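So, here's a batch of structures to check.
Below are two complexes that have chain A in common, paired first with chain B and then with chain C.
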Partner chain A sequence: MKLKLATAALSALMAAGPALADLVIPDLSYRTGPYAAGGIPFSDGYNDYFTLLNERDGGIGGVPIRMVECETGYNTEKGVECYEATKGEGALVYQPLSTGITYQLIPKVTADDIPLHTMGYGRTSAKNGDVFSHTFNYPANYWDGASGAVNYLLEENGDDLSGKKIALVYHNSAYGKEPIRTLEELSKKHGFELVALPVDHPGQEQKSQWLQIRRDRPDYVLMWGWGVMNQVAVQEAANIRFPMENFIGIWWSGSENDVLPAGEAANGYKALTFHNVGTDFPVFDDLQKHVVDAGKAAGAGDQVGTVLYNRGLYAAVLAAEAIKKAQEISGNAEITPSEMRAGMEALEMTEEKMAELGLANFGPTFSVSCENHGGDALVGVTQWDAANKTWTLISDFKQTDGEVIGALIDEDSAAYAAENNIEGRC
Partner chain B sequence: MPDQLIFAMEVFLNGLMAGVLYALVALGFVLIYKASGIFNYAQGVMALFAAMTLVGIMNGQVPFAHLINATFGTHIHKFGWNVPAFVAIILTMGVMVLLAWAVQRFVMRHLVGQEPIILFMATIGLAYFLEGVADLMWGSEIKTLDVGLPQGINLWIDETTFNIFGYGFFIDNLDLVATVIAALLVTALVAFSQYTKQGRAMRAVADDHQAALSVGISLNFIWIMVWSVAGFVALVAGIMWGTKSGVQFSLSLIALKALPVLMLGGFTSIPGAIVGGLIIGVGEKLFEFAIGPLVGGATENWFAYVLALIFLVFRPQGLFGEKIIERV
Partner chain C sequence: MFYREAGDFKTSYTDDSQTFPIKFDRYRYYVVLAVAFGIIPFVINDYWANALLLPFLIYAIAAIGLNILVGYCGQVSLGTGGFMAVGAYACYKLMTSFPDVSMFIHVILAGGITAIVGVLFGLPSLRIKGFYLAVATLAAQFFLVWLFNRVPWFYNYSASGQINAPERDVFGIIITGPNAPAWATYIFCLIFLAVSALIARNLTRGTTGRTWMAIRDMDIAAEIIGVNPLKAKMSAFAVSSFFIGIAGALFFAVYLGAVEVGEVFGIQKSFLVLFMIIIGGLGSIFGSFAGAAFLVLLPVVLKVVGVDVLGWPTDIVAHLQLVIVGALIIMFLILEPHGLAQLWRVAKEKLRLWPFPH
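Let's look at the complex of A and B:
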C-alpha cells in the first residue's frame, strides 16, 4: 500500500512539475474582453506553428515544444500575474502582446534572466541591446513604423513632402503617443506640417477629430489606433469622403477586423506591416495538413491567413529559429532561458532561411546583435481590397530612417540606463 | 460670417446628434431606475448582448457553436440561412424578454427589499455574466451589422449649407435616423408611462413597492416589463452604435457615455435623458472645438463629467430629476 501511495505521489509530482524534456513557450493570450477579436487570431497563429513543429518535425532539435497559455484579457495586472505563474515552468521566451505588460516585465525578465520578445510593440528604445539586455523588439518598432509611413509618402510624392499636411489620429495613451516625437523630427527634416489629433479610449466617438480633418483637409492621415478606435476611424473617414488611399494605419490598425465593418467604403485603406499577408506560402499547406485537418488547431481554424494570425505565426517562427540558434550555440537540445537569450541575440533571418521554412518573402531579412535588438528596421505597406476582402503587400520591406530613429533611441535608452544604474554591456 | 462661427455651427449640430446617441443609452438606465430604484450597471452589456444576438440571428449563426463543437467534436457554425433584419429584430426582442424574465426570476426576485447597493452589486455581477454568455453564444470576433440604415454625409444638408455659408456642413445620415428613432422612442415611452394602465402601475411601483403590492399590482410583472422595455432600448442603442463601429465587446463601454447624461438629466426622467444627452453632446463638442486645440485635445471624455458635476453642484437631482425631500 505504501509503495502504491509513494508511486502515486511521485506520478502526481512528475505530472505537476515542469517536464524538463520540453521546450516551454508561454502564450500570454487575450481571448476574452474588448480586445479579444485581435488577441484570438494572434494566439491561434502562435500556437499553431509550434503545433506544426511538434507534429511534423517532432519539436525542435528532437525536443517537443510545450505551450502554456495564460489569459491576460489585455490587462496589465493579469499579464504580470501570468508571467509570475508561468516562469517557473522553465519558460524560454515571453511574448506579452501588450505595451503595458511589456513595461512591467522589462525589469522582471532582466532579473530572472528570461528573454522578452515584443514584436512591433512595447518600449521602442529596447532596440538598444547595450541597455536592454533581455528585451528584443525585432524586426520593427513603432518609430520604424512612423518613419516607414513617411518614407512611403516620400516615394509617392517624388521624395518631396515640403508643404504637405499630415494628420496623426492617435489613441490617447502611451502607445498612441509613441510616434509623435519621431514624426515631429521627420516633419522638421522633410518640411511637412504635422497635426496630432488624440482620440480618447476606447474611441467609439471621433466626430470632433474627423470634423477637424474635414475642415483642415490634410493631404494624408496616419493612425495609431487599437480596437474599436480603428473601425470607427475607418468609418468616419469614409463618411467625410476622405480618400482611403491617403489614409495609413500602423500595423495594429491594419487587420481584417478594422476594415470589414465599413464594407466597400474601406476599399483602398492602407496599413504598415513587417510581415506578409495571405496564405500563399508553402508552410500553410503543412499547417492545413498537420494541424487544421488533424483537428489540432488552437482555434476553430477559421483565422488561418488573416493578418493577425500571420503575425502570431511569424512571432512563433522567429522564436523557433532563435531556439535552433540557441541549441546550436550551446550544444544542448534542451536549452535554458539564458541560452535562449543568447540564441535571440545571434539570430539571423536570411532569404534562404525563410525559403527553407516555406516562408519566402514572408518577412524582412534581418540580423540581431548585442547592440541591436531590433533588427534591420524594414517596413512594408499593405492595402485593403474590399471587393475581395483581402490585404495585399504593395511595397517591398524598406529601410526606415536610422539617422533620426537611432538618435531618439540613444537618447531614450540613455535616460533609462541612468535611471536604473545600468552599465553598457556590449 | 467668420469661418470659425460657421465651423462652430457645424460642431454644434454634430454635438446635438452625438447627444441623441448618448441619450439612447441613458434611456435604458432611466427606465429601470424609475421603476425599481436600481442603477443597472449591466445596461451597456445589454446593448452588446442585444446587438450580438441580432447579428447572430441575421447571419444564421448557431448559438454556443464553439461550446457544442468542443463538447461533441462537431463542426457546426451556421444554420445555412439568413434572416431578414425586421424578423431578426423581432426575434431578438423575444430573446430580450426572455432575458428580462430570467433576471427577474433568478436575481431580482430574491433581492426584493434589499438595500440599493446590494441591487447595484447584483447588476455588476449580471454584467459580467451576460458578457461571458454573449461570448460563449456568439463568439468574440467583430461582426458587421447592416440592418439597412443609411450612413455617410447627408448631401442635401451639405449642398444647402454650402449655398448659404459657402461651406457644406457634415451631418451623418445615421445620426439623423438615430434622432428620429430617439424622438419616437421618447414619445412612446412617455405616453406609455402616463396614459396606460401598465405605465401607471410602473410609476406606482417606483414610488413605493409595498403600497403598490397592497393595491394588487404584481411586482414581478412590472419588473419583467420594465427590464423588457430596457432590453428594447438596449437593442436600439446596440443597433445604432453597432452600425457605426461593428458589433464587438467594446460596445458595452458606451455605458460610460451615458453616466454624465444621467447625472445631468436626472435618473428618473425620460425627457431628462434626452435633454441631458443634448447638453452633454453639444457641450463636449464645442469645448473640444474651442479649447481642445489649446490643451492638446481629447477633452471630450473628461469634460462631459465636469459639465455634469457643475450641474450636480447646483441641482443634485439633475435637471429633470425628482426633488429629494427627506423629512425627520
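Let's look at the complex of A and C:
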C-alpha cells in the first residue's frame, strides 16, 4: 500500500514536472460555500475560454495553456493556501474573484513578481500603477461603478440630482465599503443626500434595512451586494413595492441568480456592467463547437451565456490578449510571470481586436499604461426583463467622473505608498 | 521495553515532578524541539510555512488559551474569534503607532490588552455559568466584531475598513509583510508557541491551575475549601485571553498580513478553536497541539490527496472534505470523548507494558 501511495505521489510529481513548458493559469475558484452561485459561472467561463484556445488554436502562440484550479470557498485563509500551492508552478496571473483575498495578495504578488488582475473588484486605488506595480483592475473599478450609477441617474433626471435621496445598501465588508467615499464626494458635488445601509455577511437578514428604506423613501437605491445578499435584497425590494427601475446594483449584483428567485417582481431591476450580455457573439459558436459539444466544458456546462459566465470569459480574453502581448514584447512563446506583467501593462483593447476575437462590442475599448492600471473607466447599465429572462444593455459604455475618482485614487494610493515605503516607478 | 519508569532514578523533588518523567519521553521531547528549531527552518519554503506550519502554530497558541479557560477552569467561551480580533487590532494599532519597536513587544502587548478585555467580558462569569455564560461570551464575540467594523479609529480610517500589516522587523530580520522570509516567520511563531506552552504547562500544574480545576470540578466545594472564585475565574480569563490575543496578533501580522474582521474573526473562528480543543482533549496541553494539528492539516491533506493525486474536481473534493471532517469529529466524540490526548495517554499506558502486557 505504501509503495502504491509512493508511486502515485511520484507519478503525480512526474506528471507535474515536464509541464513547465505550458502557460500556467491558476484559477482560484469557489464552487462551494455561500458565494458559490457567483463563483461557479465565473470559473466556468474563465476555464472554457482557455479550453477553446487550446482546442481551436493549440494554445497561445503555439504553447498550450494549463489551468490549475484551486478551491478557495471565498475564504481568505484557503486563498492564501491556494496562492502558495500554485505560485511555484509558474503561475502567470491571479484572478481571485474576492476582494478579501485580493487585499492578501497585493503585497505578496509584488514580492513574488507575479501580476494580479482584479477585474471590477479588489482595491480601487490599484488603478494607480505608479504605486501598485503588479495589480491591475482594468477595465473598470468600484469607484467607476459608483460614478457610473450617479451619471446614469443624472442622465435620467436631466443632469440634476439636487434634493434627491439615494440609499446605498452594501455588504458590510471591505468590498461593500469601497464605494462610500466616492458616493460621499459625488453627493457633495451633485447635491443629493446619501444614506448608507450596511448588511452583514452573508446577507440573509435585511428586514431592518428595507424597513428603513420604506420609511425614508429614497428616490433611488444602489446596491453593493454579492451572493445570497442580492437575491434577498431584490425580494425585499419587491416586498415593499420599491420601484425596480429605481434600484441599481453594481455588476456583482446583476446576474440571473440574483433576480430569478423574485420572479416577475424583479422585472425592471438594473445593474451596472463593464461587458456585454447574452450569447449573440461569434465566439460563442466556437465555444459550442469546440468546448461544449466536445464535452470539455468546465463544471456542469450549463452556465454558458449567463452574466457571470460572460464575465469569466471576458477575464480570460483579457488574460489571453495580455499573454499575446507579452509574447510579442519578450520574443519568446513561453513567457515568465514578469514578462506577463509587462504584457498586461502594454495591453490595448481596440474595437478591431475585439471584432477579430469574435467579440465585437463585447467590452469597452481601453488601454493600459504604467501609470494607469485601470483602463478607461467606461461603464454601462443593463436591465432585467423577467418575462424573457434576459438582461439587456440599456445604456452603452460611458465615461465616468474621472475628476472626482482620480483625486480619491491619488489620495488612497499615496497613503498606501507612504505606509509601505513605495517609490513611484513611472 | 524502552518506554518505562524502571531504572530511571529520581533523586530530587524537582526531578520527580517534571513534565516528562520517563526518559524516553524526555528525549523524544528534546528531539521534537531540536527538529522544530534546528532542522525545519533550514528546509522550510513558502508553501510549508504559509499553508501548514504557521496556521498550525498559531491555532495551537489559541487552543492552549481556550483550553485554559474551558478545559481547566470549566468556563465555556464562544468569544475566541472576538478576542483574537482584539489581539489583531491591538497589534495593528501598536505597529502603526510605534514603527520602531520590536515585533516581540508589540505581540506581547497585544496579548496584554486582550487579557484586560478578556477580564472585562469575564466578569459575568461570577454570576452565571454553563450555557448562560456561553451566551454572554457569544455577545462579546458579536460586540467586538461590530466594534472593529464600526469605529474607523481601529482601522486607521482606511477606505475599505481592512487592516494591513506593514513591514516590521525583529533585530533587523523582517517578520511581517510580503518580504518576510518563511523561516523567520516560522521561528517567530514557534518561539511564541514554545514559550506559551511552557507557561501554560507550569501554570496548570501549580497552585493557579489547581484552583482552576477545583472551580471546574465543583465551584461551591472549591469555595468552601478556600479557593477564591473571583481570583480563580478572573485569572483564567486573563491568562486565556492573553494567549488568544497573542494568537490573534500573529494570525493577522505574520500569517495573513491583511484582515477583514467580520470574515477572519467571525463566529466560525470561535467554533473552530472550540472544536480543536474538544477533539484534542479538554484540559490537556498536548490536546491543544493535537487538535490544532488535526483541524489544520486534515483539510490540506485531503485536498492534496483528492485534487493533486487523484485528480478529482475541486468542488467535489471541497464537499467531501466537509463530509469527512464532520464524520471524523462525530466518530471521535463517540469513540473517544476525551479526545486525541486520551488516545495518546492510552497508547502510553500500553507502551509501558509492551511487549509483555501481563
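By definition in this document, the second predicted complex is superposed on the first by the 411 of 426 C-alpha atoms of A that agree within 3 Å, B and C clash if a C-alpha of one lies under 4 Å from a C-alpha of the other, contacts with A are read in each partner's own complex, and residues count from 1 in each chain.
The working rule: a residue touches a chain if its C-beta (ideal position, glycine included) is under 8 Å from a C-beta of that chain, and two chains touch if they have at least 3 such contacts.
All of these numbers come straight from a predicted model, not from anything done at the bench.
In the superposition on chain A, contact of A:A355 is made with neither chain B nor chain C. In the superposition on chain A, contact is made by A:R31 with both chain B and chain C. By the touch criterion stated above, A:A417 is placed in contact with neither chain B nor chain C.
In the superposed model, A:E178 makes contact with chain C only, not with chain B.
Of the two partner chains placed around the shared chain by superposition, chain B and chain C are both touched by A:D200. Look at A:R215: by the touch rule set out above, it reaches chain B but stays clear of chain C. Touched residues of chain A, counted separately for chain B and chain C, are more numerous for C. Contacts of A:E84 after superposition on the shared chain: chain C is touched, whereas chain B is not.
Once chain A of one complex is fitted onto chain A of the other, the partner contacts of A:L154 are absent, as it touches neither chain B nor chain C.
In the superposed model, A:A333 makes contact with neither chain B nor chain C. Once the two complexes are overlaid on chain A, the chain A residues touched by chain B in the first and by chain C in the second are 31-32, 36, 40, 172, 200-201. Against chain A, in their complex, chain C makes its touches with residues 46-47, 50-51, 55, 96, 149, 158-162, 164, 166-167, 177-179, 255-258, 260, 262-264, 266, 300, 303, 307-309, 313-315, 317-319, 322. Chain B contributes residues 7, 10-11, 14, 17-18, 66, 69, 77, 132, 135, 140-142, 144-146, 151-153, 170, 172, 241, 244-246, 248-254, 257, 285, 288-289, 292, 296-298, 300-301 to its touches with chain A in the complex. Within the complex formed with chain C, the chain A residues making contact are 8-9, 12, 29, 31-32, 36, 40, 69-71, 73, 75-77, 80-81, 84-85, 87-88, 99-100, 103-104, 106-108, 110-112, 123-125, 172-175, 177-178, 180-181, 200-201, 299, 412, 415, 419-421. Interface residues of chain A, counted against chain B in their complex, comprise 31-37, 40, 172, 196-202, 204-205, 207-209, 211, 214-215, 227-228, 231-232, 235, 238-241, 257, 260-261, 263, 265, 300, 302.
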